């Protein structure tokens, strides 16, 4: 994307979750998801990086106002997710297993609904310091 | 502590928890603990740093074998805590509120039971990148 | 400090500053402070870690409510310092050279005025990833 | 870019700056740029990552000598920018607002003038731990 | 790669190595590789990030099981490389200079042999906090 | 140490080393030091933090000039250690096993010889992100 520029904004939120597929037996779930299937939930500090790509506004010298981007991330992601149980408290995951992959796709869709369609959006979500997801690739 | 030396070993574990005092009303709990009181739990990636202090073994050049220290931390802390709900799955917190302060004291006591009493032990526990606890001070 | 516990809270702020001693000649200042003496200022992202030490409140499981500590840090330090020129905009440095050492002492005094005297306070201030100050030692 | 390889070199520099558009009123500037418009400047520790992409030199096993890349970054960026006021001390920003976006484009152009045109160059500039820019996208 | 998703797994290993081209004179080697040519070797903590890209498995909510990816990284890279001398102990570098670029290509090939060909693989290898390599670009 | 202040300076260096006690059999060494005993060496990126404590110079606002401290660290530690084999290239470890503990004590003694005796010195040496040593405790 020559002639385009990106900005990246980082926020974080803390959640409980459990990986469990209702269509599988308990044994299948435990075998596949391992300790992530713990019935009483476990949790993570999620670090979220949102990359916005587009054309620079030469008048302001901004691609997008980072205060605006941060506000949208807070309203769309941190307010509904932070200090929540993703499985029980967040309607997006009533029918969807809250893997880091699915959380990233849900966040992408929430932000795409609020940001100007002239922007390209990319999500990077760290579930731990060692495991992260990028969507879209 | 002149003439003494310390080693620090870092490990991490991921848990769900909830801050709630059973002797208080729900309103008191919600008012005091805020979003940490969420009934369905939330969670964290805990980073644990254990500092051991004592006299150097001049023959080996070690204070303590880090492989041994890491193994004790895994057996005493990571195996019972990682990917668990501290309130529901860990007996230490059946009667004790799992604040970062109390988790640190519990970890201190578990390690003090297993490590040679000639060593001084200090716990640093990060609940988030911005909030941590040190015990004893 | 056996039987005591500490909590650490991290915040950050961004400032311009210049190191210059009005009692010295320009040459002395330039020779001593080097590029930190640049007349038009330079700047830093300061990372501030405040450690509070005292006795655990066994009822709440808290030493101090981190939300309260964070609020005091914001009111006493971030609001007056963030996105400011320390030399020109912050009265504390009208007569005091804003070295990391002096900034730490000023922050210590501001927080000591607001926090209960039963608490011991320690400041760690990172001026860069490689340079930091601890007060009191 | 199959069959190509990239190397990334990280350096840092510290500057004062102010965001202000001379074609706007003071009120417009303050309203749009917020605290970044502070008349007496503020500052940042900038972390700069330069990614160079091209074909591996199979004889040396290097894409480019990192010592050479680091030297060019120091001469072209750190020497003119570090411990400076971007608005007042750096001619590139006499007519250009020193947003992170514009700083990245200026750095890209400076490095593109010095590096062999067979290399593709990408700039990532962190203004804070939470805000960064990538150019070109 | 719209509609695709990536996961990133981080591991680390520690090695000794030396950069030396047997076809060059000692003087050429010393002049070109500098202190990396030290005859008695030096060493690094390598941080390895492997990015896997493909289509999400909607049944499991996973792109690839991170436990499986981590296991393959351990078997293919950490077991043969960790706490080794790359030049003397690792057959891949008997004829190949262990620059970060070449190490990345070797790791890519090892993982590509073990991972399903439906996945796209990318390697990022940090030799120090300031120097890293990405392959393929 | 009330009324005293500390500054911390961070530098890094990269070395090969091997842990081996000449008074023990090869089997004892392999059994005790494990993979750290690899005959062909392995290596690390060492991160070194030096803390200097003393009384503030009120005229300059400095405890010690960080440029001076950095220069002493480079001359006393980085020049002799960086990109070297600690066992073979550094005389301090001809008779001393280069454990992180012993490296820290050697660095402490080197710096204590060069710094004004009015300063208290403390060394923190990271051998990996997870293992570090503090001397004196």
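Think of it as A, B, C, D, E and F in the order they're written, each chain with its own count starting at 1.
Basically, a residue touches a chain if its C-beta (ideal position, glycine included) is under 8 Å from a C-beta of that chain, and two chains touch if they have at least 3 such contacts.
Quick caveat: nothing in here was measured; it's all calculated off a predicted structure.
Chemist: What is the set of chains touching both subunit D and subunit E?
Modeler: Both-contact set = A.
Chemist: A-D or E-F: which has the larger count of contacting C-beta pairs?
Modeler: Top pair by contacting C-beta pairs is E-F.
Chemist: When the C-alpha atoms of subunit B and subunit E are each averaged to a single point, how far apart are the two points in Å?
Modeler: Centre separation, subunit B to subunit E: 34 Å.
Chemist: Report the inter-chain centroid distance for subunit C and subunit D in whole angstrom, where each centroid is the mean of the CA atoms.
Modeler: That gives a centre separation of 28 Å.
Chemist: So, what's the distance in Å between the C-alpha centres of subunit D and subunit B?
Modeler: 41
Chemist: Going by the contact rule already set, what residues in subunit F reach two or more other chains?
Modeler: 129 - these are the residues of subunit F that touch more than one other chain.
Chemist: Go through the chains and record each pair that touches.
Modeler: A-B, A-D, A-E, B-C, B-F, C-D, C-F, D-E, E-F
Chemist: For a test of understanding, state which residues of subunit B touch subunit A in their complex under the given definition.
Modeler: Its residues touching subunit A are 12, 14-17, 35-36, 38, 40-45, 82-85, 88-89, 128-129.
Chemist: Could you pull out which subunit E residues touch subunit A in their complex?
Modeler: Where subunit E meets subunit A, its residues are 1-11, 51, 53-54, 56, 59-63, 65-67, 120.
Chemist: Would you pull the subunit B residues touching subunit C in the complex into a rising list?
Modeler: 19, 21, 23, 32, 34, 96-102, 104-105, 129-137
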